[in-house]
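Following are the structures in question.
Across the two complexes that follow, chain A remains constant while its partner is chain B and subsequently chain C.
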Partner chain A sequence: MNAIASVRDALTRNMRQSGILIAFVAIVVLFAALNDSFLSPGNLTNLVLQYSYILILAIGMVMVIIAGQIDLSVGSVVALSGAVSAAVVIREGMPWWAGVAAALLVGLLVGIWQGFWVAYVGIPGFIVTLAGMLLFRGLTFLVLDNRSLSPFGGTYYDIANGFLNGWLGGYGYDVFTLVIFGIAVVGYAVSQWRSRQGKIAYQQSVESLPMFALKLVVVAAVVMWFGYQLSTSRGLPVVLIILAVLIIAYTLVTQKSVFGRHIYAVGGNRHAAELSGVSVRKINFWVFVNMGVLASVAGVVFSSRMNGAQPSAGEMFELDAIAACFIGGASTTGGIGRVGGAMIGGLIMAVMSNGMQLMGVPQSMQQVIKGLVLLLAVAFDIWNKKRAAVAR
Partner chain B sequence: MSTILEMRSITKEFPGVKALSDVTLTVEQGEIHAICGENGAGKSTLMKVLSGVYPHGTYDGEIVFDGASAEFGSISDSEEQGIVIIHQELALVPYLSVAENIFLGNETRGRLGLIDWNNANHRAAALMERVGLHENPTAPIGQLGVGKQQLIEIAKALSKKVRLLILDEPTAALNDTDSEHLLELLRALRGEGITCIIISHKLNEIEEIADRTTIIRDGQTIETIDMSAEDATQDRIIRGMVGRDLEHRYPERASVLGDEVLRVEDWNVDHPTQAGRQVITDASFNVRAGEVVGIAGLMGAGRTELAMSIFGRSYGRNIRGKIFKDGKEIQARTVAEAIKHHIAYATEDRKHYGLNLIDDIRHNISAAGLRQLAPGGWVNSNEELRVAEDYRASLNIKTPSVVVDVGKLSGGNQQKVVLSKWLYTDPDVLILDEPTRGIDVGAKYEIYTIINKMVAAGKAVVVISSELPELLGICDRVYTLAFGRITGELPVADATQERLMELMTLERDQPLPTNGTAS
Partner chain C sequence: MMPPAPHRTPLLALHEVSKYFGAVEALVGVDLEVHAHEVVALVGDNGAGKSTLAQVVAGVLSTDAGQIEIDGEPVTLGSASAANRLGVASVFQDLAVCENLDVTANLFLGRELRNRVGLLHEGEMEVQTRELLERLTVRIPSVRTTLRQLSAGQRQAVAIARTLIGNPRIVVLDEPTAALSVAQTGEVLTHIQRLREMGLGVILISHNLNDVRAVADRIEVLRHGRNNGSFPATASHESILAAITGAA
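For the complex of A and B:
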């Protein structure tokens, strides 16, 4: 197989995933061509800061969707956890970490609450979380007494607005940031290499060595370029570290853990899963608990970013998170989806919002275009499925 | 008498399976015509061809209805001609009223296109009168018993000006009084000139009511019997239903029996939603290492219910009885516990209960035994792939790769994936529910060979099947199940299809034969 054929093979083998990746690249190229400042260091930094909480929500949401459920309450949970945190830190004057802990506790309780109704009472997630959306929004109003609370300031403010930089000096670019990105690239290369060696040990076919090296070089180049851009701006955003850790951890959980594989089994065919010894209730319960906790993490990040808590915080976040999952190839009927896909889906939404803002596209048109992108992504999904069904 | 319906050389193929081959059926005006055959013989397929569920063009052959060639494109086409089919699973909406159900899809609109409910209720009452019912037409249909619901279905058919009424197993779910009622009604309808085709496993009913009987076996017409003739006996029907060449269909096996592996005692199971309805009554059976035990029963006898209730109580309510594994009593309250006790159950319904069709072969094979691949909670995906490749080779799963979605495989290969999944849990007892349903002859032979390999490895296998030749071909011992009771136990040497069929059709109130053998 020559190199071009093997690239094509790698792309077509997983059209669902790669199709969306190509779309992402195309959108980035389009906005870069239309607007000089789109790929500027400052704007890339802003992208990370502005949309990190949607990506965090999308990680939890894609697991809920794979399990065949939906969660409409995450926007309200973002608001409630932020509000509780603000009450603890701003109103009560306790330290920043107490606010974080309180927010995470709120997320955990919310998750247990919703998981209980879905898994053990058998109410569809749509209904439970629709109720939760109202319930937790109402509680937010109660906690905040209908007023905004601000400012957090200090360390809490740095969670979403702070940067790690300057520790190793800099020459117009921050060395520390570059070192961290370098470590990430090396880590990626090592893990890929070990995975490849493992496959060879099991006598599976692997891509040819030049192909493998090319893939590593492309990924390394893109990542290092991105790192360099950040380093010439304000350095490494703290929230990017949080996000990266979550993405890596949840990719492993969904792809490699028994729990993750059971989520796919339940979403793909819950009866077959049940008859294979999977406890469908437990899986549903923990998926919602996990979503609740991740929503509160997003709540911490968002309240930190806003430097305060507002009663109306997080409105419509659930729709952005859900859209990210579906654009990223998750199936509306469950059983299919990936954390990586949802991240790309979320980035597509982020890049489009950001790019259109830079170009001064009116808010109304932005909504129209985002709506159409979601629709087309799911239409592509259905078309793809039908094509697969015909091949059956 | 004139001929109302003629189906000429009907052939219907599904991918990989020939369901009907050159079937001919002639029905006279005003008769009750019974169709007999084993499960999977092609009766329902034939009726689906007739009623337009399989539209014209998807089958070969010709249908002549009322002297004219009929080309039905859908059910509504055939209904327009007065052909109405009542399926075994009643097509009623439980929350709608009697009248709403009767006129569902056939509503008469009055002024402004609105439904005149007074008129509809009045007509519903009149239709119910014709079938001998006196219910409130506005009552929700869920409140009526199954017997009455069946009569409502007929009333619904009458509202469509039915000329040919097709009933698929109409009395399967009915008690004797309700069945008698229904048969009485069919006679009355015959008096009004309505022709009737009835599919039934209950041979005594057929003997009682049918004017003629057509027997179908393996998708072919065997014969049509005039029921008024001297030699039209149940025995002749049974012979026609089951008689076929058994040689070379089943691989040879020398049985070497070991100790008893599984014993079930006094097993009782209630229906999960219908209070007071017992599905399994005092069932006891056992199976030894190296033994293939068959469970024979007609549809609705409780075969699957028996198996699933044993397998981690995945069916039913109020389950009573004891399970012994290797002589020791065990508890298997969940599927996970059953798997831990090395019991496996491969479902009859691969697509809905057996496989995750949108995932690949590899993940389906590891689904039940995933913990073995993940000692620390993390799945070793290389090992997983190796396991899948192993089963692909040893069970001869025909696929370009094990990362292909199972939904894309043929029925036989899907069944091999199901078997792989359960073999990977390292079971001592395998309960196989209709392991060869819907798969072609070649793949069936392969499945039998796999079963032989399992017992040769000292496993105990329970095969549930409605195909009697299959049970006689592969089992050491056969139990018969009828209406939730085990009605007999025969070593395969003593079993014939006729004797099994007699035991399988034993009614609820008939006494069990002694020695597990019938008459």
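For the complex of A and C:
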């Protein structure tokens, strides 16, 4: 393979990924220019707290979409798991962790239920989860007896509203937050370096050393700047740690594990996957179980953030999560998508909502704009695919 | 007088194999033998039962009667992976590849190599992929190219290379050249010759007699699900055609 072919290959392969990143940067720059407080420490902290649960949902959703399915029930599962948790902690007076455990159990059971109907009965995920959307919303009303339950308070409240700070002191900025971000950057650099060395050892193609170094420096600079902003506000949000752990873990699962590889195969060509010895049923089942559990994690975070449970919690969350995936480059026909892409897609939605709110754009207009962005992102995808097909 | 040729146990032997789809007799008492280092072509009109036979050998379809032997031992090919374990690998008629995955991922699909911590061992899989493609003389931009970006011929080459993972002894190719241009067909036929040089037994299904006569050692004709003649590759076009159409 010659160098030019490999560069072109890498570019076309990452066209959609780099396109979405550029769009994200452009949107951030736009709002920063339009509004002074957009990049302020307080607002950045807010952004993290306000959209974390959508990002958690999008992690599971992108895997469902890659497998060629869809999950419309996640909003209701957020509500149900939060409601059960509230019933355990607030009504029964049990400790915070019992509420978390109960919520996760709800998510697991929901996932098993939906996975069973999709994988072993063969009903399309669209139908199963549409039913689930109604079913779990109804159960939420039952659990809550049509009333809100609040407040959680205490440790449970801190899951989504707490900060880690002050452990190492600081003058106007939190040293602990900076140390954690520093460790993250060093960890990232080391893992990138090792993966590059590994690729060289197996004669895989890698980007040139200057490009590689530039990438590391840019990532490190952006991350440390973000960390500094947080450290001058309230410190490191607990929920950001949860989110970071989930993103890293699921990037590994989807890109580096056999299970992840098989999700892509099932979404790409179900028949070929089956003939290759991949158990399509198992993959579909576990993808839905995983989505159920992640939806309940989002349910814990959301109920904690709201400091209580409402019967109408999580309405429309499924649409935000699905939009995040498609803006982030997932294919409507399955087989294509990435956790990282879905995160950037989710951040684009988050930044747009937050930026437009800061500027006082009315709710109605925000919806119109978000709808158009989703449409354009998918149109760009399709145009891109056609162009690639012609080039072949 | 020459002494009779020493009896060789065929790699794969089908005895009186039948397969019915309800009232449709897809295969009726079919016999077939494949030896190592041999390309056996299976020809016949549309609906003659070729794909059915391929799927029986691949373990995808069960038989209704008859016996299948590998190395002279009766076997049951219960599933595609069972057949795989017994050394049978197949390329099915409709391109059985994942277009969203790259070349390496397709080659190792369902048989991924894992590293010490149980994650995908991409490096080792790439090395083996490159070796395999080289042995088959397949030309592809990179082992990381997504299949969507390859031509139909290159994709077929990947599908053929795929069969070689796990060192099979018998490879079944169902109409591997049906969707290809003349040049691409030539390449695929070269790959098939490589398979024979590696010592594999190959069943090549086709209804293009020219392709078949270019690479096959022996030509078996199926008609209405039954054996309808066996020919050396040197047999005349007309005689084979007659057996296919039943004009003889």
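Quick note on the criterion: the second predicted complex is superposed on the first by the 379 of 392 C-alpha atoms of A that agree within 3 Å, B and C clash if a C-alpha of one lies under 4 Å from a C-alpha of the other, contacts with A are read in each partner's own complex, and residues count from 1 in each chain.
Basically, a residue touches a chain if its C-beta (ideal position, glycine included) is under 8 Å from a C-beta of that chain, and two chains touch if they have at least 3 such contacts.
It should be emphasised that the depicted structure is a prediction, and the values quoted were computed from it without experimental measurement.
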Query: After the match on chain A, would you call chain B and chain C a fit or a clash?
result: clash
Query: In the superposed arrangement, which partner chain does A:Ser276 touch: chain B (first), chain C (second), both, or neither?
result: both
Task: Scan A:Ile336 for contacts with chain B and chain C and give back first, second, both or neither.
output: both
- line: Candidates 127-135, 181-189, 217-225 or 361-369 checked on chain B; the stretch that hits chain C is 361-369
Field: Common ground on chain A, meaning residues reached by chain C in one complex and by chain B in the other
entry: 198-199, 201-202, 204, 252, 256-258, 261-262, 264-265, 268-269, 271-273, 275-278, 331, 335-336, 388-389, 392
Task: Write out the stretch or stretches of chain A touching chain C in their complex.
output: 1, 5-6, 9, 12-13, 198-199, 201-205, 252, 256-258, 261-262, 264-265, 267-269, 271-273, 275-278, 331, 335-336, 388-389, 392
Statement: chain A residues touching chain B in their complex are 198-199, 201-202, 204, 252, 256-259, 261-262, 264-265, 268-269, 271-279, 331, 335-336, 388-389, 391-392
- line: Touching chain A in the complex, chain C uses residues 60, 80-81, 84, 92, 94-101, 105, 109-112, 114, 118-120, 122-124, 126-127, 130, 141-142, 144-146, 148-151
Query: Along chain B, where are the residues that touch chain A in the complex?
result: 311-312, 314, 334-336, 338-339, 345, 347, 352-359, 363, 367-368, 370-371, 374, 377-379, 381-383, 385-386, 405, 407-408, 421
